[in-house]
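Common to both upcoming complexes is subunit A, partnered first by subunit B, then by subunit C.
Let's look at the complex of A and B:
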């Protein structure tokens, strides 16, 4: 799966989780940029991403993420 | 049914393709909002869809939109781990069961403080029930293999902790607690020997679950058998170490919909919303084949035949349900005579004609038949479950009568009985002698109704019933049934005041309060307790009728008048001079709007919400009553 495909699928998941239809993702996007991205919706997001891509994350992998770009890279590694 | 089918709530119909736009559509219009929410919630939604729907409900309520006819229910939620994720799913699931659920959650892992502080947010919210969602981690169960004394202490400490929470909540908020059994962690230490050896995690959990179940039986608290749910789907899938480490989820997120469904069944049962009647299709549901085409010898029902045994297990489950009080009925597209033949003549049939309270075999559509069955049994449509192998019939009934539950069946009859059981339509929180006889009572009632059809003169019909009514005040043996009636009677209920068993007990003990129940017997059998009345002193020499409810089964039989005569008798004995009757309208109790008027009360006042107050002096004469009256008041001398 290439980066563009991951961004596209990931955007769908983000929109579902945050109930926000026109949410756009950039590599630099962080939790501060998205309304309602608190610790609880973060959990919902990780669970939803796991399900959508059929992959699992460990606590340390998730803890180290700084922005959406790193999240996409992590997903890319796990789906190849 | 496999794990997936439980996890995906496969007895519910698949959600609409465009679930997402349905969900958005909810926000655009207020019209029938509660009904549209319930419709959406009644599909097999996954955790994300339920969460989405739940958040929509929560924000609609915050904006002040009416969610009628969903009934408000406040649930306190305390426990260990991350519980907030469960809240939107619970909210959406509750809508499936007819509730507008408001969850009050405590602070993270602060369950003890939430319970013990009288002015915690939880206690101040006055919840209707509190779900105590503690698992093996929250109860701090420490395995001590081989050390019996330590193991006993560990179990006792857990029971004491639960006990403190329960009594604090009861005292501080008056709510009942829903306690969970513990799902054992799957990681063993010794292997199979874990089960036998004192003090292992598995052994401690077994002991503790036994104690929790026992203690619930001896109280008015309720049980959510998490251990049973987890065993059903498998402990390895239930516990997710990754999700616990990642987010402190007490169990895997994929099971939140199933968990929430079980919680809401308990709430439904508590409020009397569990279903009471199973309507069976016949061809390819109760036996294999089509009786009209294949004939008595051609249908598959025999032991020793794989297909036949699948259908026998449907019959076995139906009979077991009947034995616990669920009424059975038949709706089949057949000629009556043809449809009855297997019941009468087939040696392998377990179901007999006698087990079926109403038998509708004709060529009308099934929605019409189901309405006829409901009418004949004097039960609401929301009490019905309809089992049919034919997807077209299922679709028709769901569309025509959305109140009826119609489990989704796959093509193999081997799974029918398990699917019906997994649907949890008949959830119960208690089981009494009366429940055991209930199916027979409804059956007798159906016969009474047909007898009524044959008798032209009502008075002679009533006399022919040879009715006996037995009055008594609430006591230990009737308390549970009285509480059940208080919480589930909707139609013949003047005030719809709901009380927990604890509050009922308080009323019993209060010398100023008059409590009355009535049991009705007739020549067809014992109808059980069919009427509950509570009167409270409101001003000198006045009683206000706080609660008057009756079972709809006995309407039109002169019971109202007989009960009033008894209230008057007791009032005079207590030195009361006037009764005040109160009517508070709800969506369901239109039938009693004129109740006090018909009984000769005088209207005192009428409020803008439609509620009315009525007065009656206690020296009024009521004339002849259509039944024999017996009394059982151990502490009362009546002149």
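Let's look at the complex of A and C:
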């Protein structure tokens, strides 16, 4: 799966989790840029991403994600 | 070995010199290993006192090595359980007195933080985040790093490994100055600010806890003053300790993580815990809160339940954190109070976001009055909840709360909250307008000015230590 496909699929998951139809993702997007992206919704997001991509994340992977770019990179590693 | 003892200064100087004599990695690792052993040995009067610690380390090492080859969930569960049982037994928790205890005095300092390091290694080895084989000496250098032995910070093994005796480390004059500046700032906090606050606190506490009845206003005033002074003491003692160990780490090529990020500027209770004792908060978030929330959400996937599942997870996490702080029932109360603070904060956010919508709620939280009001109540709540740490016996705690009553808690709460809100309001309004004349800045930043500044701080440390006639101890050593 290439990065464009990951961004496309990830955007759909983000829009569903944060209930915002016009939510756009950039590599630099962080929790501060998305209304409602807090520690609890982060876990809901990780669960939704795990289900959508069929992958699992470890404790430190979940806790150390800094922005969408890192998230995409991590998904890319796990899906190849 | 106390951080303020001449022995520690001599020890640190010897370790730094020995470490930097050669760039050989095996040599530097040997120096660090011996330094750790000497540091731990300084707390012992008999070698037998170290045996429980050695046993605990051995158990942890065996668990880590087993998980390298057997990554099943049951292996992790059994490993975590055995390490926790051993820890609880050695720490002599009052809830588990029936377990009995070893019939000789032994070293308990460092056990709490070694526990976090071992559990982190076990979880990360099992998940594959930590894939390299960990040797017994590397395990010892990490779990018993003398800089972090007493009270952290809790560094991840992966980050420790990146600087463990590495040859690329180059100690130039700028790094040495930064290290000394950080260490001396730490001693200023530790020996001057924290010790002075403790002096005042130790004077007020007996009056507050005495059996005789006090006039109501005096009682409330004493409580507010004692609680505030204890908070100042705790913060400056702990953050001063961190400055000392982080500065010392620079001299040994170690990049230790920060533990504080201006916690008293937090606007919410949840933000406060992202700024206070950060490595502990992060550890609990990674290894307890997040997995617990994931588990709960997989059981109850409805999005509408998110906040309530979070509340449950906050209570469990802070309860465990509270019990970790001490071995009496008051620490359970401390954990519940912290869990209640985090839960109310989260439910408040959810309720007002639902009522106003995300944008209007954000606009509300950016209003001046809202900012200072929330800062005030956040800090006041934390200050009063800390009472559990300085009145650790349940009978004393019960008597104090009984004497204060609701008014005696609410009054100091409003007074402390108001004082903090006013302090931040004035600080935010005045400080940006203060400018230092250019010539003073150039003097301050010159070689002589910078060194004079350090020298004057050292003189102040000597003067205050002499005046107070006591060498302060590190408060978190007890936890």
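The working rule: the second predicted complex is superposed on the first by the 80 of 80 C-alpha atoms of A that agree within 3 Å, B and C clash if a C-alpha of one lies under 4 Å from a C-alpha of the other, contacts with A are read in each partner's own complex, and residues count from 1 in each chain.
One rule holds for everything that comes next: a residue touches a chain if its C-beta (ideal position, glycine included) is under 8 Å from a C-beta of that chain, and two chains touch if they have at least 3 such contacts.
For clarity, every value in this text was computed on a predicted model and none was experimentally measured.
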Touching partner for A:47 - first (subunit B), second (subunit C), both, neither: both
Subunit B versus subunit C as contact partner of A:62, first or second or both or neither: both
Partner chain(s) touched by A:35 [first = subunit B, second = subunit C, both, neither]: second
Which superposed partner A:80 touches (first subunit B, second subunit C, both, neither): neither
Subunit B and subunit C contact sites that coincide on subunit A, given as residue numbers: 40, 43-44, 46-47, 58-59, 62
Residues of subunit A defined as touching subunit C within the complex: 35-36, 38-41, 43-44, 46-47, 58-63
Touching residues on subunit A, where the partner in the complex is subunit B: 16-17, 19, 40, 43-44, 46-48, 51, 56-59, 62
Contact footprint of subunit A on subunit C as seen in their complex: 123-124, 127-129, 156, 270, 282, 285-287, 289-291, 293-294, 297-298, 303, 306-307, 309-310, 346, 349, 353, 358-359, 362
Touch list for subunit B against partner subunit A, complex: 20, 48, 51-52, 55, 82, 84-85, 242-243, 245-247, 249, 253
